[in-house]
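One chain, subunit A, appears in both complexes that follow, with subunit B as partner in the first and subunit C in the second.
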Partner chain A sequence: MSYYECVHALPEGSSSASRMALVARRLGYQGIIVANCSDSGNIFNFEAARKVRDIEVVRGADVLARDRKGLHNRVTSLRRRVPFLAVQGVSDMIVRAACEDPNVDVLIQHPEGRGNLGIAAARSAKQNQVAWGFDLSPMIRLRGGQRSRWMSIFRRNLVLARKFRIPMMITARPMSHLDLRAPREMIALAGLAGMEMAEARAALEYPGRLLELNRRTWVSPGVELI
Partner chain B sequence: MIERPDNIARHELIGLGVDVAGGSNPCLVGISGRVVDETRNTILIETPRGEKRVPKAETSLIFTLPSGQRVRVAGSVLISQPENRISKRMQRSRWKL
Partner chain C sequence: MRSRLPVLRERKRYIAFEAEAEGPVISRDLISEFHSAYVSLFGDVGVSVNRAKLISLQGRFGILMCWDGHVEETRAALATIYAVSGTRVAIRVLGVSGTVKAATEKYIPKLSQVSAVEERRIELEEISGWIARSRGLEIDVSRKDRINGSDTRYLGLTCFDLDGGCDDADGTSDGL
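Coming up: the complex of A and B.
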């Protein structure tokens, strides 16, 4: 079991990558992916975080795009530089475009539920092996009707992800080390939202598997140099 | 067409050295030899202990190209009749397992 969490570190978050790594190690994670939305080179003191022992700290990227062309340009430029590429599903159009792009690793559900997974997008995601990332931070932050609405969107997306067998990932998208949740807490939160325990475990392990696949040398689909 | 790692999924496999590196059937893992025949869903491998038929689906194969280069191929990308595989459109995904 190797659990990974996708975090936002300084300057975007409020904790440094090293602090995140230390806390994540204590909580039981095997690695963290520092995926800031801004340019991926702009992470405060990233090299220091990589020196933290017993935890893997990986540089990733979180793409926030407004239109299809912007998304494509950003994904193409970042793909070769980072082993983990997530896209924020800020609108239905971005969700559809990201699902159709095989260079995207994970498409993260927008916390306000703006971009939703449709049937056509789900089919493309399956074909292009784009995973659906469930952001559990609204479950912690929101209350009352807003949380109820978010949970209904979560369940609808979960039904589609199950139907089309799209790989799933869960994250709390921590902006500080205080936002980090232990793996068993994440599994419990996902269980409350409607995921099964085995699904939640697989979703927490998915980033590690993805990193392992992306580090290999693929010359064409399914063909790998040894 | 020269056999290269990037076009192996659309190339003739007969004559290539192959090792079965993984698969859903553990009895097949470790078979090593030379490809002597191929159908849509299986390949026939000549080994020192006779010919073994290995399904392509759910199997990971390591081919040795004439140049000596070794490539690992997910068997699922080879599923096609050999005469049709040359014109088969490849999926756009980066990896497929």
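Coming up: the complex of A and C.
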């Protein structure tokens, strides 16, 4: 079992990548992906995080785009540079565009439920091997009606992901080391939101498997350069 | 009154945890926050089924009792606590045990390093501020201006960020 978490480090968050790595290792993660938004500036002292032993620290990117063209440009420019590329599903248009782009690794569900993940998006995601990322931070932050509304959207998206067998990923999108949650706690939270335990485990392991695949050289779909 | 038969008694589980916080955490506030989080997640019925209670909280380590079969629910409720009386906090479950004694011996460290306050200012290219506290390799830096994108009071850094760290450090939270 190798669990990975996708974090936002300084300057976007309030903890450095090395602090995130230290805490994540203590909690039982095998690796973290520092996926700051592409336009938030350089990650503060990323090389320092690599000095933390027994945990893999990988640089990723989280794309926040307003329109289809902007998304395509950013994804194309970042794809060769980072082994993990996530897109925030902020609107229906971005969701569709991300699902139709094979360069995108993960489409992350918007915490406020914006960006409808419909059947067409699910079909495209399956075809282009775009995983769906479920952000569990609203489960931690919200209370009452807002959380129940978020949970109903989560369940609806989960049904679609199961139906189309789309790979899933769960994250708490931590902005600080205090936002990090241990893998067992993430599994417990995902379980409350409707995921089965095996699904939640696979979702935590998914980024690790994805990194392994993206590090290999693929000439065309299914053909690897050895 | 006759005591209940031992076979009818429900078994208890004791959850050892660490409250990683930006300031001191009072047990009364913590249990109130836990209760609020539990009610919000599972409702009054859920609370009546699992009557979890705080056994002890010494420093940042504590033990919480819950009924057997409700450990995952309790774990989830603990995970949803993100602030106690306005102070950012994260509850880390250290382990689960069947007795208080076992939970204490197995999971609660006998020695833990007290946070040292150093009157030292950090001036780096991107950040500057005063060291609020340090623990092992971890350093909290206070800044005057509000930190973008997060509601924490301190910047979380490590020795590695400041001077390259120490090669033999194992990186445990206590630095022991």
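Quick note on the criterion: the second predicted complex is superposed on the first by the 222 of 226 C-alpha atoms of A that agree within 3 Å, B and C clash if a C-alpha of one lies under 4 Å from a C-alpha of the other, contacts with A are read in each partner's own complex, and residues count from 1 in each chain.
Following the convention adopted for this analysis, a residue touches a chain if its C-beta (ideal position, glycine included) is under 8 Å from a C-beta of that chain, and two chains touch if they have at least 3 such contacts.
Keep in mind that this is a model prediction, so the values were computed, not measured.
The superposition on subunit A brings subunit B alongside subunit C with room for both.
Using the contact criterion defined above for the overlaid structures, shared-chain residue A:Ser18 touches subunit C, although it does not reach subunit B. In the overlay built on the shared chain, the residue A:Leu213 is in contact with subunit B alone; subunit C does not reach it. Of the two partner chains, neither subunit B nor subunit C is touched by A:His110. By the document's definition of touching, neither partner reaches A:Arg59: not subunit B, not subunit C. Working from the superposition on chain A, the subunit A vertex angle toward subunit B and subunit C, CA centres, sits at 130° in steps of 10.
Of the two partner chains, subunit B is the only one that A:Gly222 touches; subunit C does not reach it. Of the two partner chains, subunit B is the only one touched by A:Asn128; subunit C is not.
Applying the stated contact rule after C-alpha superposition, one finds that A:Arg96 touches neither subunit B nor subunit C. By the touch criterion defined above, A:Arg173 reaches neither subunit B nor subunit C. Between subunit B and subunit C, the partner in contact with more residues of subunit A is C.
Minimum Cα-Cα distance between subunit B and subunit C in the superposed model: 34 Å. Of all residues in subunit A, only 102-103, 127-129, 213-214, 216, 218-226 touch subunit B in the complex they form. Touching subunit A in their complex are the following residues of subunit B: 5-9, 62, 69-74, 76-77, 90-97. Of all residues in subunit A, only 8, 10-16, 18-20, 22-23, 25-27, 44-45, 48-49, 51-53, 139-141, 143-144, 147, 175-182, 184-186, 188-189, 191-192 touch subunit C in the complex they form. Those residues of subunit C that touch subunit A in the complex are listed here as 20, 22, 40-41, 72-73, 75-76, 78-80, 82, 88-90, 92-93, 126-127, 137-138, 147-150, 152, 154-158, 160-161, 164-165, 170-173.
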